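What follows is a pair of complexes built around chain A, which joins chain B in one and chain C in the other.
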Partner chain A sequence: MDELVVRISHCVENGKINKASPYPNAMKGMEGADELTKQALDAAIGPDAILQACNDGMQRIGERFSRNEVFVPELLMAAKAMHAVMAHLEPFFKSGTVKVKGKFVLGTVAGDLHDIGKNLVRMVVEGNGWEVIDLGVDVKSTKFLDAIKNTPGCIVGLSALLTTTMVNMSKTVQEIKIQFPATKVIVGGAPLTMDAALKMGADGYSHDPQGAVTFLDKISAA
Partner chain B sequence: MSSLLTALKNKKILVSDGAWGTFLHQRGLQPGECPELWNITHRDDVFAIAKSYIDAGADIILTNSFGGSPSKLEHYGLQDRTAELNKTAAAISREAAGVDHLVLGSIGPTGVILMMGEVSEEALYDGFCIQAEALKKGGVDALCIETMSAVDEACLAIRAARETTDLEVACTFTFEKTVSGEYRTMMGVSPAEMVQAVKEVGVSIIGTNCGNGFDQMIDIVQEIRSIDPITPILVHANAGKPVFQDGKAVFPETPEKMAAKVGELIKSGANIIGGCCGTTPAHIQGLVHAIRVH
Partner chain C sequence: MTDQQWITLQKIIKNEIVQPLPVGFIIDCPWLPNWYGINILDYFSNDELWLKANLKALQDFPDVMFLPGFWSEFGMCTEPSAFGARCIFPINEFPHAHKVIQSVDDIDSLPQPNPKTDGLLPFVLNRLKLAQPKIEAAGHNIRFAVARGPLNIASYLMGSTEFLTTMMMQPEKAEALMKKITLYLKDWLHLQMETFPSIDGIFLLDDIIGFMGEEEFRNFGMPYFKELYDANVSVKFLHNDAPCKVSAPLLPEIGVNLFNMGFDITLNELQQLTQHKVTLLGNIPPRDVLASGDVTKVREVTTQLVNSLQDKSKIIFSCGGGMPPGVSSENIQAFIKAVRT
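Our next item is the complex of A and B:
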């Protein structure tokens, strides 16, 4: 693999956005995801290879997050570095030269205004090559249903932090399953467990963002 | 109104209150409704919750102002009423507590992450100042900055509280057990890092709240105590991790289970003990009895 590609992957994993960014301390003054991606494209390295490097970096930091070796700040910085790469790849997505793995409709359920967990999932899922349609917080089930209608073949992710909104999550899952029985739904959030997820009728549950990626990749491979 | 620290000296172990959020929902607060607005629209319900904890034997009650930061209230378009909602929250609990009991003004997290750069430190600090000042005006005896996970946000809130009021300040963080069995907040902060950071900016009481039940709180208190032998420790424990039963969330830890564990929690070094999500006046009554026996 090209050295530049390896370095891009390393920058994403460690949250090194660009040369000016002081984070992480160990990489101060070094070139970051931004500069290296530009150099790679100038050196005629294919956008697919760059995207793969970015995905690998996000995958590694996501796995370290799942093992509690790193926490939210490290994940957020990695996502920022990932976005620096993606900004350069945007034209290739637009022209269809590179393709996303699939579409993921994501939102925090009705009555719940918490977005930190949902945003972490969005970042890691995006960083692993999926397009995320983020519906935001306090998303009524009708809004989920509209989004599913407008996004054929999508997979759906529901987030909730409050015990009181788990009930709305359950209702939303059921409404989705009535109208779109083939659509796969994964749920997550602090009060949830696999048991609760299955009782609601969801297809999957994840304790952490990387688990959502595993779930999505498994479905797209099937 | 006596000082919280004086009360601790006189009584050694103080009992705090239980859940507010889950209690408000039982009384009809709908998901997506602003809990703090109930201080104005459903004052009697909020007062009844405060009073139920006093009647259960709590020495201290908190205020219905957990989400009273301008950035949380902005979700409901209520950010301009920050001072009014916090002051009323304090006044309601003050009325329920009378002069014999203490009121701790609750300040919860803002929900924004400073390192993401979505909001400036100054803006967060100014918001905390408005909350602290309003809670003081409403009559609280001390402030409780709770459910924190980031050191930068917690320290801004503590500084704001100390620079705008002369009240004692408590600060509690929420820890989770990692796969390797250590305790960390979601931002990666350990109990030791919390203690060092919050004491530097002048808190009088440290502690932990929410979490996954009483057993883990005992671990966390032991860890805090091993680093800091002196500072009073406040614990507000959840009634366990909720389970989903028959379409609703149920908290598994009963008042009996909590009461049975309280001796161990005191032995670990806790000085103020109360509940968080899922706990009820029955839990607090159980704690009061168990501590009396202890």
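Our next item is the complex of A and C:
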């Protein structure tokens, strides 16, 4: 594999956004995902190869997160580095040179302002080649329904951190299933379990972002 | 809490086995208003209903330690309100506060709140002052100074993603924010203690701890928690129902001696992680069992929990987290019975 591509992947995994970024300490002063992606494109390395490097980097950090070797801040930094790469790749997505795997409508349910879980999922899912329509936090079910209507074939992700907002999550899943029974819904959040997810009528549950990617890729491949 | 309950709590913390086995729950706005039959906004806005709801819980479950007891609060809005956060109060949903820091540059100009006058804090305190004679007439006392923890408040003021990435990118700004919040919380806790001399405990709630690795927690959490718990009180209580394996070994060093955790860890494991120095309040699944299960399920899971313990000292039986919405009186009774038989 091209050295530049390997370095991009390494930057994504370690959350090195650009040369100016002080994080991580061990890479201070080094070029980051931003500069290296620009160099790679200038060197005529294909956007698909760069996207794959992103995916590999995010997958490695996602696996380390699942093993409790790194935590939310490190994962957020990796996602930020990935975003620096994606900013360069955006024209290729728009032109169709790089194809997205599918569309994923995502939001934190009504009454819950926590964005960590939702943002982590967004960043990791985007890094794995999906287009994410991020509805934000405190999202009412009507907003989810509108987004589904406007995004045919999408998969929906609902996030919540508070035990108290599980009720709203359940209501939202049920309303989606009544109006759009074919739409697949995955839920996630600290207070949830697979059992609770299935009881509320969701099609999937994941306790970490990598699990959401696995779910989406499986649906997409089916 | 009554004098007897307070003595019992202190005995448990001092490693004495008490009989019958103790039961305690954190109760606040997610459970109490609807259980009492009123909507959440009425609970927040009507002092009499707030008091009656609390008294009714104590009357119905006299053997349960309700923690902190007579918690005067406005949900997640309480502490952020003093920084000027926009607070949203739907009629029968949980209130939430919007962030006030739009960029890291706002941190330096963020005002230092005065707990005596700012946001909802005067209302919190005055409600307790007005209710104090009736609380004492019912045989109870105000025992805890209560606040959301500094990481939790930082996340509300800034947005959790923004705060956690600021920790990594501009640590000096994150530290400045934590210092400002900690100073505010110290003022707030001390004001509560000054106002109510019966207070002999500090209760902080902070689930952002659970998202951090050890290095981040040691840098951005631990020093501030230590400062807040560094007070002359006998009970130092922490709630974090997010993951706690990283922070649990550090709890004794922080000064915490009572801990309410989530349900994703066993009490046996936590006893090991905390070197058996911390009293544990937990931890059957709050929503899936205590709220959604039937009496049989509650009894079964609670009995499993009791029987799973190799050492029942320094344990108060509860759910993993605060009492969730929708828990019936029957399920609470089933829980108590299962612990005590």
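The definition used in the following text is that the second predicted complex is superposed on the first by the 222 of 222 C-alpha atoms of A that agree within 3 Å, B and C clash if a C-alpha of one lies under 4 Å from a C-alpha of the other, contacts with A are read in each partner's own complex, and residues count from 1 in each chain.
Throughout what follows, contacts are C-beta pairs under 8 Å (C-beta built on N, C-alpha and C of every residue); 3 or more make two chains touch, one makes a residue touch a chain.
All values derive from a computational prediction rather than experimental measurement.
Considered on the superposed chain A, chain B and chain C are sterically incompatible, since they clash. Residue contacts after overlaying the shared chain place A:G15 against chain C, while chain B stays out of touching range. Of the two partner chains, neither chain B nor chain C is touched by A:Q179.
Within the superposed three-chain model, A:L76 lies in touch with chain B and with chain C [touch as defined at top].
By the touch criterion stated above, A:R67 is placed in contact with chain B alone, chain C being left untouched. When the two complexes are laid over each other on chain A, chain A has residues 68, 70-74, 76-77, 110-116, 138, 162-168, 191, 193, 195-196, 199 in contact with both chain B and chain C. Within the complex, the chain A residues that touch chain B are 67-68, 70-74, 76-77, 110-116, 137-138, 162-168, 170, 191-193, 195-196, 199-200. Chain A makes touch with chain C in their complex at residues 15, 21-23, 68, 70-74, 76-77, 80, 110-116, 119, 138, 161-168, 190-191, 193, 195-196, 199. Chain B contributes residues 21-22, 25, 30-32, 72, 75, 111, 113, 115-116, 149, 178-180, 182, 184-188, 241-244, 247-249, 251, 277-278 to its touches with chain A in the complex. Chain C meets chain A in the complex at residues 30, 76, 90, 93-94, 96-98, 156, 159-161, 164-165, 167-170, 207, 210-213, 216, 241-243, 245-246, 262, 285-288, 292, 321-322, 324-326.
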